[in-house]
């Protein structure tokens, strides 16, 4: 077994530098690497290109990096819910590349899977396809999209082991597995780091080969963006 | 009388067929889930990774790790499954989802749709909309027939940046139920109490009126 | 919940016709749809194009269909271990299309994922790439490969429910999940059909949306091709 | 004396580095797993869907649902994981596997490899070999230096249909340990008791001999 455990978040982020391209798992505030984000703020690394489906809210998630102006460019599918983001974007301080959500997911997977490019129908005939190669298959038009790599990927999982195997919980899975595949160095923070051999090999979502560093995270806030409920009967 | 949002959702719900997997967009489309016809089994797909999505949780039972694409806390029904974003969009792109319902700012008579960007305004992004409209074989748009100034949003040609081309199949607005044909918007039904003339007036795109146009039945 | 249950294998194969393209899960004899293969033999459907990583052995797996000369064309990555196969291939009775294993897996997934084509490095510079478009990305050469669809996909899973959700066991998973995605009609046979709600949504390998028909299989032989063991200490 | 299969496997095993994921082909490469250097942790990947593959099961404990790429019954070590074929080849194509060891019929001085097809003979297929050789950054070939007729299999140019181009990095044969450089096969080590002349004679491709060539040390 190859041991991927690191002591803490500080050791996990060794080597993160100004100007790097980072992927961060999560959908909205669900399944985001809270510990890694806090450490990125602490490290004060700048000019980051961040690839994440969303950009957090003003005071949580990637919003924390935006407040400190650490992000030069965001690559996302949806960036609402964030006033500081809007301000920086409209003022031109922040570069934003918007990508259809399915294309974003597939471009991450492609990078991890050694597929440099693939055709997708998403965005054909729209400004997203401008300058891109298009092609017809079975009377439908497709756009050629390329793999999307990262220097570091920051992943949040529910359970993990020293071999780097990960299991996610509910919709906190989302982009995490593909981004784990696409990072040169993938750092996984987990709610529960279990003994090797405790995870059922059949139930592992992300095999350890995609994870270079893993640590037990702490103080998870797991903030809910839209608390929608029905009254108890 | 023009339909309210619930009326639009109710009319769209009538289009659901037994055995369909359905993706509902944010806003009016989400309401469709509340009006599934009796005797029909459908499953809702949420593009952040749920199949078999259920209603909101009971107060106190919400789980931060279980949300829908609108970031709302939800529940799972028996038979549900969870998956990652790439498999979720594999389902969508691979046309395993039989119906997509989403909102729009504009729809054109050739089926073009614009719903993600207004130049000069803050652009929040397309989320999964571009994948959904480019992939679904069956797209129903839920929208208001006109904007706040009374201008038609049912157009000859979209004026806003497109989300997808020639993809919308049907449109349910507060005024009418329209089908997109090669010649334009075919008027299928009128909202209760709304006249063909009112619909005609509110429609900039080519409106095809054949024979008697029935009122929607709820 | 959409109920995919059918009574038995006979009902499950309704609509299978001469000349169709079929996918069959499995790697070697591991995870093959034993019940569906038996029924295909019984149905005597002919001129089939079969997509499966291997072609079985003489008296088991796809070998049973070969013996009855029901297969016109095999699309596989490796077809050893089968004398009748060899005889038919060398005599020209059987058409064979050999595809690199990873490309085969990815072409099935692509079909199911709405991706009509993708670039892969496998086979570049070999006869596999002849007549195919090639392209350079980051100083490496790639071949363009297209999605591979099937009229029917036959899948073998460990556990399943009426909603069509599947869980596989060990390496019997192999090609089954991708082939489930690529079939116009996907038929799943399972060792254990459990009550809906019994499978943990977080642990499902193939979500029910990819399965059109499911039934409880029976009489699994699960033959071992190479029984390799070490003596008990 | 020329190495036997076990000797070849042992020499290749010395190349393993701590923390590597390794894919071993069928035949001699499989034997490498038996000679992992002490103090080194590696994990074996089997392309049919295993990471952390262990030894053969104890007699009576074999499981039909747990085989390796050679269709042999195997076991899982602690920390193992199981996945489908598409994720397995994602690992391989995406270069997450640090070393691939496989057999060959021919290797050329530019790193071309032929190991899947002999025209006129029954072709069994390439299995995962084409994906492996096209993807791996580090490929070691385990093979005999010559064929049964004594003809070299270490060539200027492959005569058989290729499996992959310019991909092999190192070759361990019964006679020698060779590295492929831009100028040809660089002789790194001799099998115990085998002379440089013997190796030269058995090598058709350009053989680069620089200085004293050490014997392999086991």
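For reference, chains read A, B, C and D in written order, and residue numbers begin at 1 within each chain.
Quick note on the criterion: a residue touches a chain if its C-beta (ideal position, glycine included) is under 8 Å from a C-beta of that chain, and two chains touch if they have at least 3 such contacts.
Quantities reported herein were computed from a predicted structural model and do not represent experimental measurements.
Note on connectivity: the fewest steps through touching chains from chain B to chain C is 1. Between the Cα centres of chain A and chain C there is a gap of 33 Å.
Centre-to-centre spacing of chain A and chain B amounts to 28 Å, using the average Cα coordinate of each chain.
The distance from the centre of chain B to the centre of chain D, each centre being the mean of the chain's C-alpha atoms, comes to 55 Å. Among the residues of chain C, those touching two or more other chains are numbered 106, 109, 113-115, 120-121, 168-170, 202.
Residues of chain B in contact with at least two other chains: 82-83, 86, 89, 92-93, 135.
Pairwise chain contacts in this structure: A-B, A-C, A-D, B-C, C-D. Considering their complex, residues 27-31, 53, 76-80, 86, 89-90, 96, 98, 100-106, 108-109, 120-128, 158, 168-178, 205, 222-233 of chain C touch chain D.
Chain C makes touch with chain B in their complex at residues 1-3, 109, 111-115, 161-163, 165, 181, 196-197, 201-202, 204, 207-210. Chain C contributes residues 106, 110, 113-121, 135, 137-138, 140, 142, 146, 167-170, 202-203 to its touches with chain A in the complex. For chain B in complex with chain A, the residues that touch the partner chain are 46-50, 55-74, 82-86, 88-89, 92-93, 112, 122-131, 134-135, 161-166. The part of chain D that touches chain A in the complex is made up of residues 19-21, 41-43, 45, 51-52, 76-83, 86-87, 89-97, 135.
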